[in-house]
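Data block below; observations after.
Chains here go by letter, A, B, C and D, matching the order in which they are written, and residues are numbered from 1 within each.
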């Protein structure tokens, strides 16, 4: 018999879109998210091109729709452990990790966090800001419930004392729950290439060499600096900023031979945002090929040049050297169009690292019995004709879990909806 | 520990003091060196530039001699090291190339089998003797001396090959520190000395070494420690040339690492050896000479 | 004034530091409490968060509120959320009003905090003034027909039709040409798998033909569209004969055309050996090459990425013969074309370059590019071409390549290779121009019929370029494939399935409730002049028996008719004159 | 304006150590890290790769261009495509030599190798010192074999031609 329920794995924008489409279609959706809140990568971004909407502002309503929709069953802080069965009749075992806080009681008032004595770097802010051991990763978290991070908790019990709702429950334990679903949608997104693997760029050694995702947090009004773009070294406002493309992308040495598809675009966007923050900042983008493909992007690049005076240099710099005293960075590069080897001093350097398969993609694929492609992303059954089918019937995939096939947010959303269509096709046929 | 000792061309021809110190020091550390009879030039940069097959065959011939001796090779010169190391790894990995090369070698009744490894003085001291043992051998530590270590290009590059050997990149520093001296980090540490351009474009060669020397000066080191005889020549003799051509004085004493170690072990340098340094080292090493 | 005494609750949002960092929120809260009819006011860190919404629900009950104001961000993204909170607490959600103190205040007055706070107060006061006059509204429920019309029989249309059919819906699939297949019929092979287009097309065509849920109508176009979401009445035209179909949703998959360079651009049309990639596809497909070419030169971005050239683009450009350079720039400026990057041309050129290399291994194939935009895994496809010894030459906008001839009358391309700083002469046998995908002319017509806006680049516009890529501003009409911008086959298929999902979701629910924000005609005042019918772009007005009527489901509440009406006989529900005028008064006089 | 040699790139790609040319995406990491390129605009490994790709044979092989490289292999470590620029340099030097382009210094070393099995002739003083220290003579037992190898690999021709 066919189950009319669906499991969506991953609560980023792709997973959210798939869930909402499926739920509105009338299917019961179990949305599994590994971290304490849904939202994914899009929640970390500052603004999005070309409407320059604040990313969180257009995402939050969709996140909340998920939490309100009568057909969406949110399983946050949970992971898929095992899958049995086949199309129309899967049994999925989900690990419910203990958050040591009762979701149904917690109002997310945050008083516990105020009193928690333990401060640790906040993953959501790419380690730039801090959070407490009892925390909510982002203010608009869904579900709006605190989580206690036991690795850092010193079990002083203050949170429990302070919580009026009596939501803290330190005795919570890891549970396993089984769900019978007709189809599965994978939307596990991406992780970011570790830029320190390219030692000549000094990421990890030089304070003022940061990644683009860190930059998004620094630009974001609700980020660790309240939206003030300042240098990690001493908090000065950077006046000369460089972006370096293809850090790990288009690179055979790490097996990441593909183009990550989004770096050129968001760099131009960020460059313009920076110019709007601090008009007299000099921004230089070092690129190999300016991949401003798709609607409006070429025009945007032209505007960035002419209206905002962003400097584009066709070059992949060879190395970065830090001045130990000023913590400024000297970039050695060749302007390949002028054919000149040059070097320039910058206050802040933003590396644009490759996007790589998310941690756990490989294990999940094993659990699902789905094949991965050469890079470790989920393999489409047929990249031309069945772009959102995995190699397993009844299991579909969308968003960056498919790899750089996904250009950007709209692509993720289209794929999310497309999986909804495929699920509907499968479940309606097997009536 | 026993090695086929590959002397190379430059050392016996120009830098005898290097060889002498090696022959004095290594036995003290329990390393036995057996000369390679009938060995030929490793086929360095210049020869590789002329003919690929000659390079493979010449290097392979040396490897064969070591195979006959049943010993791993120890080189002093980075050029020898790079050439023998690369050919060894090429032939080990690529059967076609090996057959092609063996065909040439058959002319001289030799066959490469790929049974030995190629090591450099630093590999031997760091990997086989061990830093601890080196430290123990130090009787008169070179304390208070700030030096800039110049590993030389082919000790660490290309990493493609050296990663296979799982080597680290700060081995020379560790050994220098073991003698009691302080190894100061400096910009362009991995940069070339300019040596390979000697006799091709002397002016450029000088300009490259000048960059290196500037960086060392900026780091305020008292001396430069080299492993490769080419680096030594280029940085030591090079300073005289820079004086002549650009009228710049650096006065940076340059010494072979093995000499530093030797002095640390309490073995004094003789006068002719001291004289082998164009930039005088007498003030720096008073009482050790 | 509404019959029951208004009790307004005001919820003011910090939006983290977005608003709270500029506007003095506690002061605004204090002020709000002083306003007439305001029974309650509070501040929230994020009113849109669960906590904020919960507080709205609870206070509606606790304080007996019958009007709610949220002063925060834009209604565009957040109004539905707060409205549902009101609904859940049992008050009609048209009794909700929003004041935008972020986009219209804190964000634009970051450096004038006191004055921003004053403006926030003004906005709240205005909202309160209007809220006082708000009235509950009903949202009529609509039937949704479970039949769909797919316009366009290319790969996107075929995919959408099949998906909808598989989801169990009846589909009319119309195609303006006498056969299905669209651009795929003209193409040879598909990158990066190099499959024959037939391998992709045939199965789709077979499936469509064999599906009992799909009715295919060839040589057919849309001649008229009436009705609205769930109940479209579409008139189809096949030559002279017309036919009406009733459908619940429409999927627009009218595709895109390939740009044909004007005669003379790169001497196109003057030599048979100067062709477009599309033509090369055909040549390779038909396998009608007589003599193997010695050299093939492909030129990218012909008629694409044609932004104007600015002096600063020349910075760092090696000084050469300036006069010649300037002449070329001027010429480049005159060249007509489209501003955007067509996205698929790089891969398409690489595809053909590899095919040429396979057919004629001796041929020297060169691709003259501005940027190699092989995004995604297509980077590997680019490597494949380089390993096949295809040569890539970067030219710069300022010096476009020129077509000349050798003394022997052979074609020769003169190009400036920016990466070697050399001007090179390439005697060659074929010149292949990579031209962008551009909007169909028919599309513009269709857009007018369907009342979908067209974006600056000429393609059909999505409802929201980031969040709603396959929806349009017209409920029930969706976009699939290249109709909304250049797409390759997999991208077209994904968007088609997405459109099918969105349409399917709508139809599966069989019903939907619409906005109450519509125009109402005061029949006593109306003289039936028909001005409203004339100016309404949504066709929501019609005059019958001397009186104008509103089709609620079509009316978008834009208010044009109300403004136009000479007798002031039309008013807008939820935007009544009282509501707006009291708001204006509050703004100007500072009183409520 | 330069005429191009259609086959030059494949010629280089066909030589041992030359295949890297096909991987080049002209990113410029090699040139910006190259110690020589920083000192003189005459040398630019990235540009040299482009010239090979285009087929500017006449502008490359007979000139000084192949001989600026130090083979310090910095580029080998940095090329994101694993293009082994430094190896390609050896490939074009081999071709340059075939075209009779070989610096005197290199020729001298080749000659010395052919005559003594070593590329550098020892200075008198060094030889004396050796003896006085009982370090033993520098043997040339390998000479015949070396000559055979150089003949077999046709390097002797190059040597005699200089």
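Everything that follows uses one rule, which is that contacts are C-beta pairs under 8 Å (C-beta built on N, C-alpha and C of every residue); 3 or more make two chains touch, one makes a residue touch a chain.
Computed from a predicted model, the values in this text were never measured in an experiment.
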item	value
Mean-CA-position distance for chain D and chain A (Å)	48
Euclidean distance of C-alpha centroids - chain B vs chain D, Å	21
Interchain centroid distance [CA atoms averaged], chain A/chain C, Å	25
Multi-partner residues of chain B (at least 2 other chains)	none
Touching two or more other chains - residue numbers and ranges from chain D	23, 25-26, 38, 46-47, 81-82
Residue list for chain A, restricted to those that touch at least two other chains	250, 336, 339-340
Overall pattern in which the protein chains touch one another (line/ring/star/complete/other)	other
Pairs of chains satisfying the touch condition	A-C, A-D, B-D, C-D
List of chain A residues in touch with chain D within their complex	200, 246, 250-253, 288, 314-319, 332-334, 336, 339-341
Chain A-touching residues of chain C, taken from the complex the two chains share	16-18, 21, 45-46, 48-51, 53-54, 73, 77-78, 80-81, 84, 163, 166-168, 190, 192-193, 195, 200, 203-204, 305, 307, 310, 312-313, 315-318, 339-341, 343, 371-380, 383, 394, 396, 418-421, 455, 457, 459, 464-470, 484-486, 489-491, 493-495, 497-502, 504-505, 508-509
Contacting residues of chain B [partner chain D, same complex]	9-10, 12-14, 16, 19-20, 23, 35, 37-41, 44-54, 57-58, 61, 104-105, 107-108, 110, 153-154, 157-160, 188, 190-192, 194-201, 204, 207-208, 211, 272
Residues of chain A touching chain C in the complex	21, 24-26, 48, 50-51, 53-54, 57-58, 60-62, 64-65, 67-68, 107-109, 139-144, 221-222, 226-227, 250, 257-259, 261, 289-299, 302, 305-306, 309, 311, 313, 335-340, 375, 383-385, 387-388, 403-405, 407, 409-411, 413-418, 420-422, 424-425, 428-429
Chain D-touching residues of chain C, taken from the complex the two chains share	294-295, 364, 372, 382-383, 386-387, 389, 391-394, 414, 417, 419-426
